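Both complexes below contain chain A, partnered by chain B and then by chain C.
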Partner chain A sequence: MTAIVWQRRRAAARATWREFAARRGGLAGLIGLAVITLLALLAPLVTDVSGLDVTRATARPWQPPSAEYWLGTDHNGRSVLLLTWWGTRVSLVVGLAATVLSVLIGTVVGIAAAHFGGWASAVLMRFTDFFLVLPSMVLAIALSTVLPRGLGTIVLAIGVTAWPATARLVRAQTLAVEARPFIERAQALGGGHGHVIGRHVLPAVLPLVFVNTTLTVASAIVLESTLSFLGLGDPTRVSWGSLLHAANVHGAVSQRAWWFLVPPGLGVVCVVLAFTLCGRALETVLNPRLKGER
Partner chain B sequence: MNLLELRDLSVHYRGARGEVTAVRSVSLGLEAGETLGLAGESGCGKSTVAMSVLRLLPRDARVEGQVLLDGEDVRGMSWGRLRAVRWAAASVVFQGAMHALNPVHRVGEQIAEPMRLHGVTGSASSSSVSSSVSALLDQVELPARTARAYPHELSGGQKQRVMIAMALACEPRLVIADEPTTALDVVVQAQVLDLLKRLVSERDIGLVMISHDLSVLASTCDRLAVMQHGQIVEEGPARQVIAAPTHPHTQTLAAAFPTVGDPASRHVTASDTSTGPVLLRAEGVRVDYGTTTAVAGVDLEVRAGEIVALVGQSGSGKTTLARTLLGLQRPTAGRVLFEGAELPRSASGLRAYRRQVQLVLQDPTSALNPRHSVYEAVAEGLRIHRIAGDEPTQVAEALSHAELRPPERFFPSLPHELSGGQRQRVVIAGALALGPRLLIADEPVASLDASVRGEILALLLRLRRELDLAALVITHDLGLAWTIADRVAVMYQGELVEQGTVEQVLLAPRHDYTRTLLAAVPQHQGSTRPDQLSVELRLPPHRLLG
Partner chain C sequence: MIRHLAGKLGGALVSLLFVVALGFVLFRVIPGDPVVAMTRGRPVTGDQLAELRVRLGVDKPLPEQFVDYLTAVLRGDLGTSHVYNRPVAELIGERLWPTVLLVGTSTVLAVALGLWLGIRGAWRRGSRSDRISTGLALAQWAMPTFWLGMLLSLATGNLFPSGGMRYPDTPPDFLSQALDVAHHMVLPCLTLIAVVYAQYLLVMRSSLLEEMHADYLTTARAKGLRDDLVRRRHAVPNALLPTVTLVFLHLGLVVSGAITVETVFSWPGLGLLTYEALTGPDLPLLQGTFVLLSGAVISMNVFADLLYRVLDPRVRAS
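Right, the complex of A and B next:
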């Protein structure tokens, strides 16, 4: 029996894909993402990690782009191309992990607040409002100064500050779904909270959550770069933000070393643009109300 | 010359799947002072006909034939002429007064709006406008201070009266009323219909009434045209069309709105009426929402294999009572007993109770999750209760009990692929899958087309006969109670004012409210109405409780 269900789901997924593929922006974003992810995954296989080690840097510092160093070298004589390439990994990992964390918290809080209502909703939503009005940048800075430095801290700092918007969004959608009579029917059939949430609310809310995820990744990557730029990142790892931080601290501007500033900056722009293009296209496909307004 | 004449009117819509013909060569005529009824089920093209009179159709509509308004073809009018004709020569009472009024403007301004637009004499000064607004409100039997109210402050019936006042603002000669009473209670419906009749005779206007309910049209219209698939299948004097319908479709429509007291439309025979043990009993059930009392102490019982109709208008608390009986709402006071034992309060106890008592909701379209196939919808209850056995067999059995045959063909269908009647059968099958002893059906046919209503009611009767399934049917429709119920309980403002066998309550009502309800049911077949609405009713304030 489940065969029929899966067949139908596959057909639905195909239809969604066709509609997504018809949107050029979304497709471009997806291809961009695929290329960037592939590069990030291939970095350890194609390149030599030791090139990141300051003590083993052999080249002259502040070298402009040349045939040997396509994007020049930094203040220690390391290849900027290599640094940027490896920076992709940290930026993507932090962006995705922080997004998963924030969307998870947001979805759980949003659904719980809408489903249980009453005082549970009041408490959860005031809690959400508290985080919503805190300037997320300031909170993230405070968290990453208090906690030990490392990738985990950055992920936590971003995840904990980015969820309130998701929670509000999911709560609104859950309220709309729960007002439909089929929820009452499920309750009359004997379904408990788990059944109503798992079988009816979650499938209806998930597309929205999914779209929200892709859009949150973009802002999480920006936030990660910002924190690293401010020198609050993991000092042992190279990320785009920390590259920009290094360039700033070591006077890349006065050296007129544009090749040190532009590549990590462009990296951030490309990834964020790709995620946003994907997210917007997905939003239009999954939310038919937006279709007419294109 | 006819006030309105349609000659060979056809309307086509260009859709994604090619052109769809909504109206096919319809010819109709209407004289001043006459009322024409246009009857038919949803999608038969009756609203399209009405909207074509004022060229209010969407842009993708293609119109053929002639629409003559006072001898002038609406299709040939210039934009300016059309604007002048709209509302001044012909106006519309739109369907659903709740949404056709602008919620941010006072009612008086909205009535005055067409007068200002059309420069009706005296509309330049605000004092004369307000005096003509009060005159219009007076005509529709509303106090002049209503003009200061916002739409949400008025009840459904009052809003409908405001809509009628708006339609009359520029003294048009033709009024088109599209389902003017569909969302209203029987009592209010009767008042609005009387008002429309009076206005037609007093002002000598022509009225086109559109409705799916033949009995509504029968009580107001001189002539009746019945539409099906965009065509007029029968036309003639209202009395004749309803008393002796010749077309099979008209016969189905007429049968769907039975006359209370007519033995032919009563489908319960004395042998059906069983006196089983008491299945469900409510004792002094009272439900308060804050300071509002929805149910004020109700005693009710349903016996095994018995169909009980709970009748009342909206806001009488009948849906709240049903939710309480199902254990979806906890009573403030009193108790509900099932087979002598009080309803459990624990989650697991309530879950076990749900296998015995099941719910059928009013609108099957929204009662089914649009993402779930028929199979999933019916199997949902089986999965919740982890019922042992072969799931596909059980689902197939439930579907065939609900007369969806062959059941396997419906397994993969999604709700939007089914008709309204089929959807309601899926909801019923989902309830039957659990093998309940009692079905609580909240307005089970109210949102269905006339021709399907009879089939669903017949299904309920057959389930009672074959599965010994008791049912508590909640309805505002006395005709429905007359058709299938053994006993009737009448609810008014949270209390049961009268209960007894169908014959006792509907043929010899003892309580004033029951008499009012019966008097408000649109009558036809020449029967005389009892002294119209002689009972002064305290209509309940507008409440959102069903």
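Right, the complex of A and C next:
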């Protein structure tokens, strides 16, 4: 690739960034995400893991917030602040991993359905439509019940249920790109499937996929917290959903223990809002049709 | 028209068969030996295991099991729950009505609220009330349903019952029973509405925004119609069309919401039944609720598709 191409790409990236940074919502979301990621990464360096161990908890259970325990203690006498902080890690990792899986499946199915056409495409789209109408949470519950409990299962359950929307989107975009004359030219010059998909279709589809990814992370994190809330999460790890599961099972509502309920849920809301704001801002920047509207 | 109808119904039938087959794969093939999973952590002898296998019919080869399962489901037999030790179909029948009541009431209210706010927002686009209601809708969309339910229950204190559907000591006459159920339904209903209405608001808002610059609105205004008549008679009916289908398409979301809301408030419906089945784990029961909930959502989608053709002459003509 020549230097001019890279120069142009750098200029395009700078222009995109300038436009993105001009949107207050998107910028706020990005800053929020940076802060949350930093906190998640710092957790093992700044705090002591042994505080998560039930057997070593020394404090009185169900303590309201105090100078020593800023967010009070849970039913085992562990610090809620520490639990919520560590919960960030699992929620982020599961959300991101599940999204990568679902976007990967969706992109492959979408491009394949649009590029190859014929009966294979018809079968793929029938399959996608079937999964699209299937209530994703019911399927995710079924999958995580029958598979052994663990982070991998949750990731798989979310990834396998969340892909159809991406597949539809990618298929539509691929069809639009492949209708253009330069694809015909590439094929006339002897470009095979690999060349057309890799060099022409993918670069045109990826920005859209990227936006879709940001928005999918948000719903993946909500789905993760819901599955963990139902008790389907990894029992050995602390996540926001599993904290709320514990709060529900041990009667935090009847104990009026608001300090145990509010922080994990607020964590979910902050992360989901941050991803949604970023995704919407990116969508407006990368999709020229939305500019100037709404 | 009839050909189209037959095609749609045929497709729906295939989807329903898919669901039933998926239920078999999920609950019979993936878990391996269901008998081992059922008896995990309990002392059982080899003879008991073998007897249980024969009783459940899992001693036969898989294809034969599938045929047995398929004929049973088609006859309406969804197997026996081993936690309740009763037929799954009977349990589902008992729990169906509370869910229909809860989901129905909250969907109707959420649709009304969402459409009203959406129309207002689009008509006065960019105004303060539009920005507030859209922002609020986005924030509520980010909230996990069950968390909102727990917060509501925490915030209202003893004002509303914290769970269940009725008190055991309510007089048996219709009026007091109905009032008691309504009293229990306030919080679960509010939670479901809060989570679901945002979808309808955003859809209605953007669909009305697309109609805003249409020529027929200019014509209507040029005829001298008042602003709210232009909105009510001309813009809203056209913008409603895509929204109607989306109401039904989003029913999957409502079903997901119902599972967690019923878990939080111990509302004795299908959602709570699903939760009880997954904590067991009671695989035949979970299989039953899986097939039923998925089947219901798929049927609703087909219904939405057909309804759209009835409502929109443009689709009928093409």
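Everything below uses one rule, namely that the second predicted complex is superposed on the first by the 293 of 294 C-alpha atoms of A that agree within 3 Å, B and C clash if a C-alpha of one lies under 4 Å from a C-alpha of the other, contacts with A are read in each partner's own complex, and residues count from 1 in each chain.
In this section, a contact is a pair of C-beta atoms (placed from the backbone, for glycine too) under 8 Å apart; a residue touches a chain by one contact, two chains touch by 3 or more.
This one's a predicted model, so the numbers in the text were calculated from it and none came from an experiment.
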{"item": "Room on chain A for both chain B and chain C (clash or fit)", "value": "fit"}
{"item": "Contacts of A:70 with chain B and chain C, given as first, second, both or neither", "value": "neither"}
{"item": "Which superposed partner A:116 touches (first chain B, second chain C, both, neither)", "value": "neither"}
{"item": "First, second, both or neither for A:200, with chain B first and chain C second", "value": "first"}
{"item": "In the superposition, chain B vs chain C on chain A residues touched", "value": "C"}
{"item": "Once both complexes are placed on the shared chain, angle at chain A toward chain B and chain C, C-alpha, multiple of 10 degrees", "value": "90"}
{"item": "Touched partner set for A:256, first chain B, second chain C, both or neither", "value": "second"}
{"item": "Which of chain B and chain C A:192 touches, first, second, both or neither", "value": "first"}
{"item": "Which of chain B and chain C A:184 touches, first, second, both or neither", "value": "first"}
{"item": "Minimum distance between Cα atoms of chain B and chain C in the superposition (Å)", "value": "7"}
{"item": "Overlap of the chain B and chain C footprints on chain A, listed as residue numbers", "value": "none"}
{"item": "Residues of chain A touching chain C in the complex", "value": "130, 133-139, 141-143, 145-147, 218, 222, 225-226, 229-232, 241, 244, 247-248, 252-254, 256, 258, 261-262, 264-265, 268-269, 272-273, 276, 293-294"}
{"item": "Chain C to chain A touching residues, read off their complex", "value": "15, 18-19, 22, 26-27, 30-31, 125, 138-139, 141-147, 150-151, 153-154, 162, 206, 209, 249, 252-253, 255-256, 259-260, 263-264, 274-275, 278-279, 281, 283, 286, 289-290, 293-294, 297-298, 301"}
{"item": "For the chain B and chain A complex, residues of the former touching the latter", "value": "326, 328, 347, 350-351, 354-355, 358-359, 361-363, 366-369, 371, 373, 375-376, 380-381, 384-385, 391-392, 411-412, 427, 430-431, 434"}
{"item": "Residues of chain A touching chain B in the complex", "value": "1, 4-5, 8, 180-182, 184-192, 195, 199-200, 203-204"}
